[in-house]
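Two complexes are shown next, each including subunit A; its partner changes from subunit B in the first to subunit C in the second.
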Partner chain A sequence: MSNSLIKIAVPVIGLVAALVLAFVAYFFVLAWWSQPPAVLGFGDGPTQPIAFPHTVHVTTAGLDCQFCHRIASTEEAAGVPAVAQCQFCHDFTRITGEESDSPTAETEIAKLIGDPLEGPDPINWVRVHRLPDHVQFVHAPHIQQGFSCSTCHGDIASMEVVEQVRNLKMRDCVDCHRDNEAPTDCTTCHY
Partner chain B sequence: MALTRRQFLKWAGVTGIGAVVFNGCRVPDHEIQVQSPVEMPEDLVTGRDNYYATTAQIGAASEGLLVRVMEGRAKKIEGNPDHPVNTGKHGIRAEALLQALYHPDRIKHPLLRIAKGGPYRRIDWAEGIQRLTAIISDRPSSEVLLATPLLRGRVADVVQAFADGSGIRLQGFDALGCESVTREALRQLYGQNAQPDFDIAHASYILNFGADFLGTWINPTHFSRGYGEFRQGDGRSRGRLVHIGARYSTTAAAADHWVYATPGSEGLLAMSIAYTMIDEGTADSDAASALTGGAGARALQAFAPERVAAQVGVDAHVITELAHELADKKHRPALVMGGGPAAAQVNGLFNMMAVYALNALVGSVNRPGGLVFNPEPISGRVSSSSLREWKQTLADMRSGDITAVLVREADLAYGLPGALDARAALRSVDTIVSFSSFLDETSELADLILPCHTPLEEWGTDEPNPGPGYTTIGFQQPAVNRFHNTPGYGTLSFGDVLLQTGSQLGLPDMPWENMREAVRALAQDLHAQGRGSVVQPTFAEFWKRTLERGGWWDTGATADGSRPDLPALPTSAPADSSADPNRYPLHLVPFEGIGVGAGQYSHLPWAQSAPDPITSAAWDTWVELNPHTADEMGLKNNDVVIVESATGRTIRASVYINPATPPAVAAVPMGQGHRAFTSYAARRGANVLDILEPAEDAETGAFAWGATRVRISGTTRTKVVPKLEGIEPARQLHGEELIFVHKA
Partner chain C sequence: MATRTQSTRADHKWGMVIDLDRCTGCQACVIACQSENNIPLNDQSAFLDGRAIEWIRVERYWEGDYPDIKARFLPVLCQHCDNAPCESVCPVYATYHNNEGLNVQVYNRCVGTRFCGNNCPYHARLFNYWEPVWPEDLRNQLNPDVTVRTRGIMEKCTFCIQRIRRSTRGGKQVEDQAFNPACVQACPTDAMTFGDLNNPDSRVSQKWEDERAFRVLEALGTNPSVKYLKQVDAHA
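Up next is the complex of A and B:
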């Protein structure tokens, strides 16, 4: 390799390396303080065992969030419905996916039936919104105060695949509590 | 590029460490999974518990309770920290109330016997109450007996109003007479109808005659709270406890000094201590003068230590030492208490009069650290009838003067001495109605069974006896809905059954529609008084707060303190009329099971499995013998022996050899030997009550259950006593000897 090429290549490689390092650093800092940037699949929601489209259930069918997440207004967790509840609705409405435009609907709904003799297995959903262990978040008081689910979870009704839209870091929580004159004692969330 | 061996190892190491480290950074699967179960009943998703404050009368004891309820089912019982009597603690019997609620052998609906001795058929409550009404109205009221256990609070008011209105006989039953002798002694000495409290917590010195107050006596939860303060309370020195008794009980084991006295001679010992104190001028002079009728020590000369030592079985110098200890000004306040087997003697009242008179001699009457008087109860009480009265009642059954027996958890067929043959007497009456939830020996004979609620299902109140020195009313509310709830069938509250029957009979003075209304009526009275632990402007708020708190009490509502002049003590001891000591050489010391009591709680597995604190045995009957006594008879541990009393009746039980058992004593636990009373109680061990002589206290007629003598003979059989002891090998404790047994 000629010297002139080396003279050009070294700063370019150095610059690229610096940019890569800067991006990695930016990535980690952003992920630490907020959310990782939506690159390399990081901003997408996880793949779920059943491709459940909130768009169809909320926007098209018009179901309220608490029709399925039944204990959000009374308990700590919002709750996920039992398979039996999914089956009940689909049996009642006779929606099997055949009538859907989606090529995968029938296959996905069939997962609710499971083995004809042994019945379905429990569904292991992948958690999308996850807080550290030392944080206690109780859904009930937030819903009882009139906050919409979309305040924290975003416009789920328009999501084919659910993803996290707010960073849900401590600053986010405290700012919101302060704006709404909610308690900001440590023990409100850390107990 | 050439790769050296050294470089290869480096890269391999770094890669391996990296793999481990980064794998450790992964979020575990279970943290990112949310599972939808296949089936999830909607009611079960919440998982939220509720606590209900209530109260329960447990024999003579009363405990304020908190019941943890999940999804309508009671899960756990704890003591109510607010309740002045048990202050957050509770006993095994209260804990086991859950098992009464869920018991598999519980009677689930009213039953009517198709023919005498025949099977039962299910009937509904409307028919049951109609039949009960007919049984009472079809015969003269004097021919109807209502037998209940000890009752206090609102249910006692309802029962009393029912008995008064209908004119039927009402008798309380407690197999051991429930300290009626002790109460009578306190009434005669100090004019107290309500039993005074024993202020153990503030005493410096306790001299206790026979009462196993840390084990089973009256209200051990309450007394144990006081005992904790007595020994280790903040800002005070450790109290000294001296126990006098014939068995090495829980209280004897806890005492600093345990003195064996011949059963029945406790009164002599107390009189001897009184004599010594009066003679030496260390007793309160006014009390000494009153108790001796002004004659001073001279009146009690017959009780001088050297005169009674042989009969009591305690050396004269030990009696004198006990008198000196009690008189010592450093031991103020001093409390003298007694009961249990010391009161259950043919000279029981004499014993208790002598014991409790000592409190006057040390100035501990109605004082902190001594006997603290209680105010008169607001509600009624159904007390225990004496054995003398029960003998008359059985005779009336046999003669046809009683033709109908209504019985609520008063197991006469099991609890009365076998020599009285209560079973045959009950068989001779026309009709027996049982209100028990369980088929005990008496209910087995019943023609009509109207099963009633367990304590966690019903409304009521309870005024503890003894109370804590001021008016205390525990409120009982249903912690759960009735467990057996088939409409028209299931169980009902005993009070409600009487109120409905009273309404059909047109009885006066029963204005309440049900027990809840009866309790609310009492609460309205309390609210109107505007005092005590709950004071609220509206009754609705008062009702809510009182139920939340588990009761109402008024620390200002104490006894007025007035008492009549002390009576003079007897100048000679009554004769001991027990059986021939040559033929029956051993004193039988029956003692209550720590869980099963005198058999009332044998149907509850937790009560059964609570090990006796001294022997660690459970679920069975055993005979505690001294090693020398056993040696003389050639007996070893676990040998089955026959225990025979002068009644000619026998029981069989395994031997448990204990060096702390005095040589002249055979101690046998009560509570087993049921013929029925659920699968947990039936055909297990032997019923020691069966062989007791039906002896009475000469004055009160109370059952002298501690006055039986027995002889023991061996058999060829052995049966291992189920116990925890021996699972770990025993180790010698270093230091001073722990047990002092004075010669018997």
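Up next is the complex of A and C:
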């Protein structure tokens, strides 16, 4: 009996092990070449200190990206707005979250107020879009050439939690530069 | 007539002219370069070991005999040779000539064979023997536009390519003297001139044709993009 069990068990275990190994290999190869497959929470965006919904601000309130990310067309970074700017708009429009359907809106907006004497601390947003090391990316020329933010960042307007949609590896950049006759000299980005 | 190499594909050919009759050897260029390009601080032992990293250095020569003696200074930086000996020996294509006439070092390609440094007649290429460290209170002065080079790779003067990129990115037209590398900007006697040699009206193009002009180790045929101006002094 035990002999026949082994005869069945060995190939089954071997097959399972081979499948697991194949999946692990597939995972690493895909993660290396592009992005890890969206399983086990790998494709999800990170949890932010304030559950900021781009959906509400872009779609409902109708704000342009550069209303908050103000230096995207002139500087390297797109710029994350200061807490003061968040506060200013919320004070001005008197939106405290009470009127929202979302149950968390009021508590999340209340985080902007902070200490009444010292004011709010800067928010430690978690970085979502990561470029590979050793690359100097500059937003300004891309925006100035008329590219939409969603070319690289995807449809942020419909994302409750922002996640990276393009792999933004060197091949991704170079392909796009070639298609648009942008310079592909190494020192365009590496210096 | 001085030869001037035309680059064929790009709008720019960056070059520099250094007037040695104006240079006082003050080393302001060295310090400016050091802070612009995230070069680690050289302590005494680095100099004693011959491993100090300076993208531009001021060499001093004595001319004549006492009492008719003169100190002569020669700021030496990467000459961005059009016929560069360093480029042909790199096994991983980490250094090459780009279409703006710059001799370029790609840090993330470099594997640290040091062939290029050994082949450079100007000693302009420097190797990182150690991980760069800065004192705690200088950490926040690092230039975010420049990569901090790690241990084990070559580095050298880039003509402040981060400033070139900032001024010309997106195909922007740039006026003569609109920007300068850190060394040129810091020079108190205006001895250094930087600009586009493809623009015949630029200041550097005009000085390029000066009759005092010479190039260091010209006989090697490296065809540098840096020229020096010096009056031949018959009495020295």
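The rule we apply is simple: the second predicted complex is superposed on the first by the 189 of 191 C-alpha atoms of A that agree within 3 Å, B and C clash if a C-alpha of one lies under 4 Å from a C-alpha of the other, contacts with A are read in each partner's own complex, and residues count from 1 in each chain.
The rule we apply is simple: contacts are C-beta pairs under 8 Å (C-beta built on N, C-alpha and C of every residue); 3 or more make two chains touch, one makes a residue touch a chain.
The structure presented is a predicted model; accordingly, all values stated were derived computationally and were not measured.
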{"item": "When subunit B and subunit C are modelled together on subunit A, clash or fit", "value": "clash"}
{"item": "Partner chain(s) touched by A:Thr187 [first = subunit B, second = subunit C, both, neither]", "value": "second"}
{"item": "In the superposition, subunit B vs subunit C on subunit A residues touched", "value": "B"}
{"item": "Contacts of A:Ala82 with subunit B and subunit C, given as first, second, both or neither", "value": "first"}
{"item": "First (subunit B), second (subunit C), both or neither touched by A:Trp125", "value": "first"}
{"item": "First, second, both or neither for A:Arg70, with subunit B first and subunit C second", "value": "first"}
{"item": "Subunit B versus subunit C as contact partner of A:Val24, first or second or both or neither", "value": "neither"}
{"item": "Location of subunit B clashes with subunit C - one stretch out of 74-82, 110-118 or 722-730", "value": "74-82"}
{"item": "Footprint of subunit B on subunit A - complex, ascending", "value": "46, 70-71, 74-75, 79-86, 119-127, 130"}
{"item": "Interface residues, subunit C side, partner subunit A - complex", "value": "96, 98-100, 102, 104, 106-109, 144-147, 158, 161-162, 165, 169-170"}
{"item": "Contact footprint of subunit A on subunit B as seen in their complex", "value": "27, 31-40, 42, 45-46, 48"}
{"item": "For the subunit A and subunit C complex, residues of the former touching the latter", "value": "76, 133-134, 136, 138, 140-141, 144-145, 185-188, 190-191"}
